[in-house]
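In the two assemblies presented below, subunit A is common to both, partnered first by subunit B and then by subunit C.
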Partner chain A sequence: MSKNKDTVLSIALVTPSIVAVGIFIYGFIAWSVRVSLSNWKGLLPDYSWAGLKNYINLFSDPRFLVDVRNTVVFTVIFVLGCLAVGLALAIMLDQNLKGEAFFRSLFLFPMAISFIVTGVVWRWLMNPAAGDRMSGFNLLFSNLGLDFLVNSWHLTPRWGMAAIALAAIWQMSGYTMALYLGGLRAIPDEIREAARVDGASEFRIYTNIIFPLLRPVTLSAMIILGHISLKVFDLIIAIAGKQLPLDVPAIYMWQTTFDGYFFSRGAAIGILLLLSVAVLIIPYLYYTLRSEAEI
Partner chain B sequence: MSTTALSKPLRRLPFQWRHLLYLPLILMSIFYLIPLYLMLTTGLKGFEEINLQTMWDLPKSIRFDNFIAAFQTLAPYMWNSFSMVIPAAIISSFLGSINGFVLAKWKFRGADLIFPLILFGMFIPYQSILIPLVEFMKTINMYGGLPGLVLAHVIYGIPITTLTFRNYYASLPKELVEASRMDGAGLLGTYWYILLPLSWPSFVVVLIWQFTSAWNDFLFAVVLTNPQAWPITVALNNMAGSQIIAWNIQMAGSFLAAVPTLLVYIFLGRYFLRGLMAGSLKG
Partner chain C sequence: MSKKSISWTLVTVLVILSFVLSGCTTPTPVATQAPAATDAPVAAADQVEVFSWWTGGGEAAGLEAMIAIFNARYPNIEFVNAAVAGGAGTNARAVLATRLQAGDAPDSWQGHAGQELIGTYVAAGQLEALNWLYEQEGWLEVMPQTLIPLISQNGNIYSVPVNIHRANVMWYNPAILSANNIAVPTTLDEWITAMDTLKAAGITPLAMGEQWTAMHLMETILLGSLGAEKYNGLWDGTTDWNSAEVKTALENFAKVLSYTNTDAASLSWQDAAQLVVNGQAAFNVMGDWAEGYFRELGKVPQTDYGWAPVPGTNGNFQFLSDSFVLPVNAPHRDAAVNWLIVCGSKEGQDAFNPVKGSIPARSDGDRSLYGTYLQSAMDDWATNTVVGSLAHGVVANDSWKSEIDTALGLFLASPDAGTFQTALVAACKASGPCK
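Here is the complex of A and B:
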């Protein structure tokens, strides 16, 4: 048995996967870029050169500008909501309470469910119909005498995305809790003990010691959640279908490509999405893998 | 991290009123359980009890009308999902195991460059590869049916499965591999007789992770399959969008669509959590 033979064999073993990833990810990205630089509109491929026309048009396209605004609204509410809920739950569960494992499993179960299931149920929870057709949360609020809380949810003008973000927070805040709980458990007890010996209050221990130590977890969570919110698609489709006030780039891409056959514009939206995700993920991969290598 | 998350902490809040924490925890539990409550109670009501005005009430008697009606509509699509998800999960797990083994134990030149390139594939928005994917599937005659969808899940699953196995194999002591080489085992022998038998926990993690993500996927399914091959997510979404199918059937259908992955979560939650953490590189 020679070392050379093993090297050849190991390359042969990973080659199919590397070729597959090379083609299906990098080859296809390059192909999408090429489509985005063409005039392809219609069922038959048209690779005539259009330069950056599709990109330039998108930035003056009212629908795409709505999409960008919606993505920003969704991202801010969704990320902040998940971080706040996740951190609060993690701190509470970190107090060594009885039943911790039960609560932890319960807060995380939405991660096992598809955005489609979540969306279909939340579609009825957030049903904005009034009168006899009133249902979901509005009906609950009305029955409890909390009529001031009755609202039109995702059909609220301008702020409908906030309702979508609420459903997304339901789904992903448990995951954020798990990230924070991991971070809290990684802080050595000695640090807290030392602070207590020095007479620091529990509150001060959190604000001055624990929260600064959790900053890397917050950063990771923001990146993971942020890239999820850039890709949000099925949740909106399941809650509201395709409606302009709740449009996002992923839905625009899908509709313009597969309903409108405007392939070059669809490809341009896809590439813009990729760039926005890459800005978040490439530095994250770089630092994560580098710190792993240092250990 | 996943192991530390499971170990019990020593510290406690020093004050007595930490029991008050149960109040917000229980309120939050109710919040997380609301959709499940609605799906279950609606599903268990008889048709005559179905009324939007009483949607929050508990069923007066346990009936399965809604579940049966939903199942009759959705059964073929659930079957599609199972017959797509199982091969996809198994094939991508094996590929991940081989890749992870090579990348962790037999470092060839360039392995350190290839690994991040594979990982990046885990995070890309699939909209950026969707048009070529559809064109490619049409060219190789795999567009519209389940085999094409399996292929997509296998290939786009390679990054996460490779990562999980690579981290696992990298955590095993070097001596294992060295000892087997001293005994004259080759690359495949070492993998087959030494590492593979030790890998079952990672196989569980990766299999249930791939099962869950392929089961829950919507984007690939809606773009790559025609109505006969629709998996459950696409069929359910279609059902919810139609004006004909009543909300109670939609609720029962949602529950049916969630049951397989919920059962996996309930019985194998520990492994599910590890997959989740690996997905954010926190494994």
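Here is the complex of A and C:
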């Protein structure tokens, strides 16, 4: 009897959230899919069937191809950069140095501010102006006599995205460090001791023991950073505004939908973004849920 | 189920519920800066809700001046100022689109006169034609004849222009020009020769900013290369986008772009215009709102900056205008019409424009209220051939303009006039009048 009551109560309590999630997330996803298969252009809804036309057109749209390339460049540089910097910081902090708590907080703080704030600051730091209008990093380099380092940052042809990724790495590598530090602390000291007794060098302890044990952490970090980079939007707008060489699908989606009223094309880009994130997230969820079930 | 887990479930549900509820109870709270009284549309008998993106600077002050006139004339109508912040209405238009789709139209809203309004709202059947109001108020006699077709569709006029800005203005630094013995250029060829001289002297010839300012430059070069009639033909389908003349115009544009500063994409229009008055660049092509900005910086007309029509566009006034509309089924139609009458009146326009730094759409404005530059613009407005701006929504609908913008972005990244022209032809077919 008591068990039945509990069941009824829990169902009653969970129902509103299920309904809300069903409508506001899955309902709208379904609606977007429908819009992406229509001819809707202009203010008035037009649900006439277009099949996959919007998707097919996107893959021959030169702007969308620029977007895809930019996303790939950004994702590779951002994820690898964060992993490398994060791991290096974590290993340094793991050496029992003095003031560890201070440095840990210091490296983690950038994560607490939003991409917009980061963008505004880095916009100034990476100012590409030359001559007497030079400022930020370029001015610093120039005054230090490091003129070969002066460059046009995000306006560099073809590789401007790398400069944007730099700002993102600054922001998220502290978070990656925290993940790795957690992983390092979970490795029992006995394993290292045993390796040392066996005569392994510190370098070999890292390459043969610690890095393999950190692999699950790396996987989690890649998933988290990967989905952030696929959705990047605000950082680019804050640093560079809307300009095509630094275009990504999210910006194209916004501009084509609200500036050009191509609602069906905007919906198609949105669905493609969702799918690309899902490719990352779903195997990960499957993997974690299964391993949790095993425990 | 343990007590602990029940209480956790309860907390979770409450949190989710509060999110959902807070999402529901504030329908379109979208940053309307309206006074609190507007939340209650119950006492709706006599009010008029006017939607705009005039929230700061001279624009907001000008709007306030017009509201004061409206309140004096119609003391029984409450004026509800539903302004949404965001330059050139980028945020406001998204908010307006949402409100219109929800069936919650304001009584009147601001829009760039021309195809930006017509292509979006007239196409969706949301605006009333205003020819009767123009006749009743005698506006057809006081506004330039060449203006009317540009704000009409099939003979129907759809908005009341409050102010006029000129797009085809070339600002220059008089000191730099005289130091290099350059006369103010009047043709494209003279301009290019002048910029060659400046480039050789190590001076940035032409200051440009982010991508929309490149579109602004492009429309003036198209006008300068093609002339008014063929330029107008681009937008009504009578000039072939695929023609050799358009190709030449685009090549001229590419040539002019080669004189711009290398960091253009990272500059706002203010940054770019400032280079001229600070002596760091010789020329800048920008609408005449730049003049208000120069004066804000404390610069003196004719000494710190000079102006001329963009070379090749002499005798043409490439305009853009903020205007107000009358929606079909306006909640308070009579009050909205009264607002439009204030917008189109001499009193209203002479209150708004001196503050905003633009000229009245009527050619009978009181000259003594305006500064040196604006007086010269008023003279040109009354006598020149009026053509519309692309970057500011007069000649092309939003879909077409956004396709041109994409093509322009690709062109700026890898300049090839042929590819650009092909993309422009495709854009006209997909979203313009071309077949």
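Methods note: the second predicted complex is superposed on the first by the 294 of 295 C-alpha atoms of A that agree within 3 Å, B and C clash if a C-alpha of one lies under 4 Å from a C-alpha of the other, contacts with A are read in each partner's own complex, and residues count from 1 in each chain.
By definition in this document, a residue touches a chain if its C-beta (ideal position, glycine included) is under 8 Å from a C-beta of that chain, and two chains touch if they have at least 3 such contacts.
No experiment lies behind these values; they were computed from the predicted model shown.
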Subunit B versus subunit C as contact partner of A:Leu9, first or second or both or neither: both
Chain touching more of subunit A, residue-wise (subunit B, subunit C): B
Partner chain(s) touched by A:Phe78 [first = subunit B, second = subunit C, both, neither]: neither
Partner chain(s) touched by A:Asp132 [first = subunit B, second = subunit C, both, neither]: both
Touched partner set for A:Gln255, first subunit B, second subunit C, both or neither: second
Contacts of A:Tyr26 with subunit B and subunit C, given as first, second, both or neither: first
Partner chain in contact with A:Gly241 - subunit B first, subunit C second, else both or neither: both
Partner chain in contact with A:Ser17 - subunit B first, subunit C second, else both or neither: both
Residues on subunit A lying within both footprints (that of subunit B and that of subunit C): 6, 9-10, 13-14, 16-17, 20, 24, 45, 123, 132-133, 241, 258
Complex contact set, residues of subunit C against subunit A: 1, 6, 9-10, 12-13, 16-17, 19-20, 23, 90, 93-94, 97, 100-101, 120-121, 123-126, 210-211, 262-263, 265-266, 280, 398-399, 401-403, 405-406, 409-410, 412-413
Interfacial residue positions of subunit A with respect to subunit B in the complex: 1, 5-7, 9-11, 13-14, 16-18, 20-21, 24-29, 31-32, 35, 45, 85, 88-89, 92-97, 103, 105-125, 132-136, 139-140, 143, 170, 174-175, 178-179, 181-182, 184-186, 189, 192, 196, 202, 220, 224, 227, 230-231, 233-234, 237-238, 241, 249-250, 253-254, 257-258, 263, 266-267, 269-271, 273-274, 277-278, 281-282, 284-286, 288-289
Touching residues on subunit B, where the partner in the complex is subunit A: 1-2, 4-5, 7-15, 18, 21-22, 24-25, 28-29, 31-36, 38-39, 52-53, 55-56, 95, 98-99, 101-103, 106, 108, 114-121, 123-133, 135-136, 155-156, 158-159, 162, 181, 184-188, 212, 215-219, 223, 233, 236-237, 240-241, 247, 250-251, 253-254, 257-258, 261-262, 264-265, 269, 272-273, 276-277, 280-282
Complex contact set, residues of subunit A against subunit C: 6, 9-10, 13-14, 16-17, 20, 24, 41-45, 62-63, 66, 123, 127-130, 132-133, 152, 154-155, 157, 240-245, 247, 255-256, 258-262
